[in-house]
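Next come the structures, one after another.
In what comes next, subunit A is part of two complexes: it sits with subunit B in the first one and with subunit C in the second one.
After this line comes the complex of A and B, so read on.
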């Protein structure tokens, strides 16, 4: 039977949904439940990964050191994973210490066009005999060929597996298939996929990934993650089993873990809000939701129009200042439109 | 008037090439050699087109021809600079280090230009450090009990060459050390974002600060004076937000537009460190007679 390696970032990505406020008790409780269910890898930390607690991105309630120690104490067979973005976490300050605490799996991540930033972190983690995967985020912003070229760099740095993330929840199954095919042509390492659910496609896209030859998938309990949420872990496991894939995860126990997550970790279960649909469709980072809503009101515009224009211009996270520029432009256009209509 | 101080550049990437163009404008400096590893790189071609002598022999060229220059700018990488620094020290060259190797004392011209004079190896911290440290310094001077300062910089992907990328960790550590040293903050943190957006984004740096009781009235005049000082050597430097108190913390955001010498104006990260390095070298040039005599006597 074919095996899919399931990785569970509920205790990392889920932190985005609650301003990085997961407590030691919550981490301990969920780790025990995931471990009992036989989840292969649990990822723990700030939403943006190791070393990312900051005024800019939000401060973690539980510092990296405590979160990783608590997770380590509560995982017996499940491996402990971390998400590491160079630019936030450094080898000296953060990665060495995490390795001392006993993390097993290190996923080194970058924006889809910036793979070369990960070289030293990947190299270092490999030199410590850790399992190391490369991750590229906002992958829909690159063509399948460019994605494969960037992934190839990570393989050359020593990554033992590669995961591409649909950070805006933009993909349809055919987009995912096309990318896995391109990646398989270039890479000899395992390929994985991390789905977001803005268009309700997270499970379908995950299925497309494994059917095209991916062997690793990410899922979060109840979809616990930023915005519309991620692929829902317990659903993913059930679907994979029904398709005849082996995951090593016990269905009843992962359903129990998801129930526990709903009760203990989240104030609201992620749902697909109207703005989530539009940002997914436009391929815009979900963190833009609040400023877009605010600026749309100020300029008397439809927030949905702003999202589509931002998507057309390929605006990425960190460029929040462009929203005002786009709004100014759209406001001008709506003023001139009626005049043109009359002259026809 | 004294003859111009003869300076060499080692490192023919984005930083080194932009620096060379700036030196050609300096009335006090003469660019006598531009050194890289690859004679056919775009930086080399630029130097040749401007009539600056070039070499692809790296540090070996200076070892072979030690009289080629009196002062060396190192715009390679932190690791390479550790190797170069020892050689250049033996050769008695003054070194202005633009890598985050952090060997010599740190110089931020708006804060400590004259005190930095006299060191044989001067470290120019980082682009983010040059943008943020003057602000952190006036925060340290005007506020009591500075608990924490965070510096977040965004630069265009195209402005970050291979050495900058490989030195991301050193960039963070050196910037954090610099911010701490000049502000006296108990804790510091640095974040760097590389943004691939087209058209390219301007360099922007945000300084966020936690203090017991924020005092904007004391900060404002000191900040205004400091910004004027920085603008005297980095014309494209401006405060675009603040100082404001947001969520209980002091926020200042600056934007650095470059002069567009090698890369277009978005690459303010090249300008801010290179303008600082030129300011430092010119300070040596002004006092070179007394300085070189002092060196001869020791």
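After this line comes the complex of A and C, so read on.
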């Protein structure tokens, strides 16, 4: 039976959905449930990863140090993972400390065209004998060939697996298949996929990924993640089992973990809101949903117009400041002409 | 580098030369130039020639050309301060002439680190292509020149099919020329053809070696290659982590054999011929991990499948050309290579 390595970033990506307000109690409760279900890897931290808590990106209710310690205490067999974006996470201040706390899996991430930035962090994590995966975000912004080229760099730096993220929830299954095929041609390490559900395609895209040869998938309980959410973990596990894949995850217990997540972690279960559809179409990072909604209200604008303008400017995660700039310009324009309805 | 580490390498060189030093006698009293002279290959060649001079009175002069001579002086003073070794700080691409007394050239200038190839693919190619061009032009001006050894790469064959046990010099595979990951291999292919052109047009006596994989002292254990990381992790008391099912096959030659083979190919190889250099006996990564673990107490844990779905690959040379034509043999077995590498890293 073919095995798919499932990673669960509910306690990291889900933080985007609640302005990074996960508490120690919530982290502990979900870690225990995921551990009992046999989830192989649980990722914990600020939505933008280690060291990203800030005024600009949103401050974590639970600092990295506490979040990782609490998770470590409550994970017995499940591995503890972190998302590391060089620039937010420094080696000296953040990564060394996280390794001392006992993280097992380090996923070093960069924008899809910026793999060069990850070499030092990958080098360091490998030198500490940790499992290291390379991650490229906003992968729809590069062609399959460019994605594969960038992934190859991460492999050469020492990444033991590679994950591409559909951060904007923009893909259709054929887009995913095309990328996995290109990656398989170029890489000799394992390939993984991280879906978002803006267009309702997260599970279908994940299935397309494994059918094309990927062997690692991400899923979040109830889809708890940025924007319209991620591939819904318990559904993903059920589908993979039905397809004949082994995940090592107990279905009943992951269903229980998802029930717990719905009750304990989120005020609202992620749904595909109108703005999610627009951000998916526009190819804008799902984590922008909350700030765009907030700023649209503040400037009395249609959030959908902001998303399309952000998409036109190819804005990426970390450039949240630009939302206000775009809103200001759109507001100026609407003073002289009404906002035009957009069609795609 | 401490005295113990220096002594271990001298032991390796003397053991490698025992009973076969006279086959290198064409080097007696001559001058050898090595480009890329302070890297892993150049350093081992310098150790071997130093041993030939000290033990067998070869009187060979050695000129090491490199951009990193300052680093070499501080880290390898036992070589840098020798009277028979001269360091020339130069980028091989911009070298106009070689010392007029040059008789032999080993062209080793290239950076084999695939992290560098990924980050600086143009530079990686230029060092090989422009560097080879510059050295060949410079050799053309030497009066009493005897042989040019071009160090190419076993990677020029492209991916080894799993069903091909060993790759011979006649294997017609090639790297994919449209891929950035091929920059090193493709540049080496170009350099081989450039050398063939120089041999034909300028009548430069020229032989080619295609190195495969090596393990031994002077290699960085942090380079993300399987064997280096296995040894590093075991030295750090950590588990040895193997991607996939551990059935990927590699082979490794110890560098004292490598250095002897290069010198023998330089002095005894036929102009125009190409010789694979490496260990023809493959080993799975799982067995390699077990072999390394056996040198430590307590034995480190070996973890397979640290990444699901890692592809199985194979990289093993056929070395019949070197064995049959030049009488070459490996003196250091794979287990001995591991043992000596660990011993040196602990020294």
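By definition in this document, the second predicted complex is superposed on the first by the 285 of 344 C-alpha atoms of A that agree within 3 Å, B and C clash if a C-alpha of one lies under 4 Å from a C-alpha of the other, contacts with A are read in each partner's own complex, and residues count from 1 in each chain.
Note that in this section a residue touches a chain if its C-beta (ideal position, glycine included) is under 8 Å from a C-beta of that chain, and two chains touch if they have at least 3 such contacts.
These numbers come from a predicted model, not from an experiment.
Chemist: Between subunit B and subunit C, point out the one touching more subunit A residues.
Modeler: After superposing on chain A, more of subunit A is contacted by C.
Chemist: Going by the contact rule set out at the top, does A:87 touch subunit B (first), subunit C (second), both, or neither?
Modeler: Touch status of A:87: first partner only.
Chemist: Who does A:65 touch here: subunit B (first), subunit C (second), both, or neither?
Modeler: Neither: A:65 stays clear of subunit B and subunit C.
Chemist: Should A:293 be classified as contacting the first partner (subunit B), the second (subunit C), both, or neither?
Modeler: In the superposed model, A:293 contacts neither subunit B nor subunit C.
Chemist: State whether A:246 touches subunit B only (first), subunit C only (second), both chains, or neither.
Modeler: neither
Chemist: Is A:119 touching anything from subunit B or subunit C once the two structures are fitted on A? First, second, both or neither.
Modeler: Both: A:119 reaches subunit B and subunit C.
Chemist: Looking at the overlay, does A:190 come into contact with subunit B only (first), subunit C only (second), both, or neither?
Modeler: The answer is second: A:190 touches subunit C but not subunit B.
Chemist: Where does A:149 make contact in the superposed view: on subunit B (first), on subunit C (second), on both, or on neither?
Modeler: second
Chemist: After lining up the shared chain so the two structures overlap, which partner does A:314 touch, if you call subunit B first and subunit C second: first, second, both or neither?
Modeler: first
Chemist: Touch check for A:325: first (subunit B), second (subunit C), both, or neither?
Modeler: Touch partners of A:325: none, neither subunit B nor subunit C.
Chemist: Please write out, lowest number first, the residues of subunit A touched by both subunit B and subunit C across the two complexes.
Modeler: 116, 119
Chemist: For the complex, which residues does subunit C have touching subunit A?
Modeler: Residue list for subunit C touching subunit A: 114-115, 117-119, 179-181, 222, 224, 229, 232-233, 236, 238-239, 241, 243-244, 306-311, 313.
Chemist: Give the list of subunit A residues in touch with subunit B in this complex.
Modeler: 54-56, 86-88, 90-93, 111, 113-114, 116-117, 119-120, 314-316, 318-319
Chemist: Enumerate the contact residues on subunit A facing subunit C in the complex.
Modeler: Its residues touching subunit C are 3-5, 115-116, 119, 123, 126-127, 129, 131, 133, 149, 152-153, 156-158, 160-161, 186-191, 213-216.
Chemist: Per the contact definition, I'd like the list of subunit B residues that touch subunit A in the complex.
Modeler: Going through subunit B, the ones touching subunit A are 150, 152, 154, 157, 162, 165-166, 168-169, 172-173, 189, 191-198, 201, 206, 208, 210, 249.
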